[in-house]
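The same subunit A turns up in both complexes below, where it pairs with subunit B and then with subunit C.
Coming up: the complex of A and B.
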């Protein structure tokens, strides 16, 4: 039982990070129609923003986290201006290749800037564990789950209880109509990219102490977040959360109780099954329902 | 144009002068040696080390007069992190520079992929991938400058049985040719010694959470864990083992002890952890090692690791061969194949019929409460 609790907590922590990365995918896709294949590198960049402030800069934890998230917000705005705006009217495939290219550029820029050696990002809860029914659970893992839950709650409030969030949903639903209604579509789209980058930053800062900061960490995150998005439903926020948790739990529990050698087969097998049998995912809407 | 006797004589004189000038230029021209090194992507973690040591070796060789007066020049291509990139890099190297000799990477899967191209190019290469399958391929142009995985695995088993007195070992390994090969050899050796393995767990190259594998081994009653790992995941695995409260000793393969991995660990993470490493790269390991390790650190700002050292020794061995038999690939290959007892900085190299040059490893452990490694013993296997 103790082992199961331990695995469950690790799976939930991992799934929470995948969920945040998947939410970044979904927010951007819903608002702009862009499948951001650089999403994994956004998370990597979030981790390295933390490395820059906390490890290299020697800032205090609160200042380091705030500095890193501010840098990510700036990066989101830059991405909107330099990548999205010039390509927004291009065919979808151009945009996809654009995000892939930016992903590769970001990864190699990080390699040039930070080198190939990984960094150890310290957790605010470094070395702290709690005993839950005999399971030794790192406090950091619990903090990751709680932080993700709080962020999801805040996102729900943003999208359902604030003018800004409702305007963002309007843009996501029908960009032309939103513009005709007088909404500042450009600013709202820019804010969408900023929000996605900040969420990726939070995911990256939480991942750093769990995984080490490594310039190659973006690819596995992107793959898992993509699988989570497909399973949960492309375009659905609850779907991204459920999908992320499913992939995280499958990865850890599948390795423990099915096979450590084939654990990825379970998550990606589920993704393929969804693509074949229910392409809209668990919570996703069918394309015709959107209209 | 009318061809007069004078014109003919002028042409003949010019041709003679040119024919004399060309060999002179060739005698001074640098000898270009190829190297495919992962300088980008996840494998660059160790690739950077041998990029550095190959550069350092070329400088040392040239400072000592080059190859019989001719300078040595390196042509390096990025082998990236995939087999296809490694193959492309090697093919490009051969087509562009036609080197008489090349170094290929320290990753077995890439070595296996490149092996057919090496045979086609018909030039001797040195590699540092550990998988036995590379040498078993029977490619007579390939020479291994690190211990084979079976050597490491056998040394781990010997130490585990004799010193750690394990009765129920468990194995965790990275799921590739290196990890699988090492785990299989270790399991077979343990079985032969009457110490059956209680559990074997795998993880993927991109995995970051090892709790399932570690807890599974604990649940199966493992009293020692053998780990076949790469650097960053090795460090993460050791750290997570401590976070999960695992108390049993862990005996890890070389990569978890390279400086890139060690800087990620705290002294507590290394408590009850032993390592079977290729070579003990520490200034205390003799004058030549001290000179190498000190110069490396001064030049590159980080500590050297056994992978980098293997390529440094390899380059020196290659230069020795070129000085003795020239740069003709076949002559160089035959010379290398006959090398016995060549004294390098890290090892004494003797190539067997399959091109394996190293049969010794070192067992290390961090001094209590520190991350300073100390040499426990050297293990020499036949």
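Coming up: the complex of A and C.
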């Protein structure tokens, strides 16, 4: 039982990271129609932004986190201006190739800048644990789950209670009508990319202490986030959250109770089953949102 | 108030408007009638800034619109209830309406007067204000599309086929409201295939055929014109 609680918390923490990556993927997809194949590299970049400020830069924790997130926001704006804007009227395939190319570029740039030797990004709660019903749970895992829950709550408020968030949803639902209503469509789309990049940044900073900061970490994250959105329902935010948690939990529990070699089998098996049997995922696509 | 002179608009090789010249004076309601594919929607979209102009000019209040974005044109007071309504399906009625105030409303600013006027004109929208856009009937969606355009504090209202897809009784109801908006003094340019309804509400009209204005005049004259009677009124 104690083992199980510990695994559960670690699984939820990992799942939270996948969920944030999947949320970034989904808000970009719903607003812009772009399937961002660089989403995993966005998270990697978040981790390495933390490596740059905290490890190489030696900044204090708050400054290091803020600096890394500010860099990610800037990166999101750049991505909008340099990749999305020039390609937005091209065929979907061109855009996909564009995001793949940027993903590969990011990975190689990280390799050049940081080398192939992994870094260790320390947690603010390094070495701290709490006892929950006899289980020893790292405080970092709890902090990750809590941070993610708070972010999801803030996102909910943004999309449901603020004019900015409602305008972002309007742009996602009908771009032409949004322009006719006089919404600043360009700024709203740019903000969507910035938000996705910052969420990936938070995911990367939280993941750093759980894994090693490795320039190749983006690919497995992209696969897990992708599986999470398929299982939860492509384009659905609740689906991204549920799917992310499911993938994280099955990965950790599968490694412990089934086999660490096949730990990903459950998540990817579930993804394939969903693709075959229920392609709209658990939550389906909210068709009514898409017009 | 609005002037289009020698306007030419094309989609690639397909020329949709061939040198269209048209005026809408302040306080006037103008109907633009024409069959399916005549270029009516293209004209309204060009006035709103969705389409690029290949030749000619558009002016609003005497100044050129040609280089302005959609957003700037809405700020100047051009509101557009587009063909097919295009209300935001996943937003509530109230969210649809409030969003349309963003061009003039500062963050946190009030919109109570505007929304009260829209609800007075369309009481059904008030009843359904917490419902999502997609769950409305066709007539309600049209009312929301018009109400949403009114929330922008327009000085010129562009209506694209407000009767499209509605049962005759509902179409008449929508036009009865258009008549009320007209009596409030707002300038309106309405595009229609339903010639009877459009000419009944309008002061003047233009007839568009394959991208060219072939006839213009007072609405009463157009109603009597044998060419209009034969081609568009079916008698």
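Everything that follows uses one rule, which is that the second predicted complex is superposed on the first by the 286 of 291 C-alpha atoms of A that agree within 3 Å, B and C clash if a C-alpha of one lies under 4 Å from a C-alpha of the other, contacts with A are read in each partner's own complex, and residues count from 1 in each chain.
In this text, contacts are C-beta pairs under 8 Å (C-beta built on N, C-alpha and C of every residue); 3 or more make two chains touch, one makes a residue touch a chain.
These figures come from a predicted structure and were not determined experimentally.
Engineer: Which partner does A:173 contact after superposing on A: first (subunit B), second (subunit C), both, neither?
Structural biologist: second
Engineer: Does subunit B (first) or subunit C (second) touch A:212, or do both, or does neither?
Structural biologist: Once the two structures are laid over each other on A, A:212 reaches subunit B alone.
Engineer: In the overlaid three-chain picture, which partner chain does A:3 touch, first (subunit B) or second (subunit C), both, or neither?
Structural biologist: Touch partner of A:3: subunit B, not subunit C.
Engineer: Answer with first, second, both or neither: which of subunit B and subunit C does A:108 touch in the superposed model?
Structural biologist: first
Engineer: Touching A:278, do we find subunit B (first), subunit C (second), both, or neither?
Structural biologist: Neither partner.
Engineer: Is it subunit B or subunit C that touches the larger share of residues in subunit A?
Structural biologist: B
Engineer: Examine A:129 and indicate which partner it touches, taking first as subunit B and second as subunit C; both and neither are also allowed.
Structural biologist: It touches subunit B, and subunit C stays clear.
Engineer: Of the two partner chains, subunit B (first) and subunit C (second), which one does A:261 touch, if any: first, second, both, or neither?
Structural biologist: It touches subunit B, and subunit C stays clear.
Engineer: Which positions of subunit A sit in both the subunit B and the subunit C interface?
Structural biologist: The answer is that subunit A has no such residue.
Engineer: Within their complex, state which residues of subunit A touch subunit B.
Structural biologist: Within the complex, subunit A touches subunit B at residues 3, 6-7, 10, 14, 108, 111, 115-120, 129, 136, 138, 210-212, 214, 216-217, 219-220, 251-256, 260-261, 263-264.
Engineer: Help me check something: in the complex, which residues belonging to subunit C touch subunit A?
Structural biologist: Counting only subunit C, the residues touching subunit A are 48-50, 70-71, 73-75, 80, 82, 86-91, 95, 98-100, 102-103, 107, 132, 134-135, 148, 152.
Engineer: Which subunit B residues qualify as touching subunit A in the complex?
Structural biologist: 40-42, 44-45, 47-48, 81, 175, 201-204, 206-209, 211-213, 215-216, 218-219, 232, 235-236, 243-245, 260, 263-264, 302
Engineer: Which positions of subunit A touch subunit C when the two form their complex?
Structural biologist: 163, 166-167, 169-170, 173-174, 176-177, 179-185, 286, 288-291
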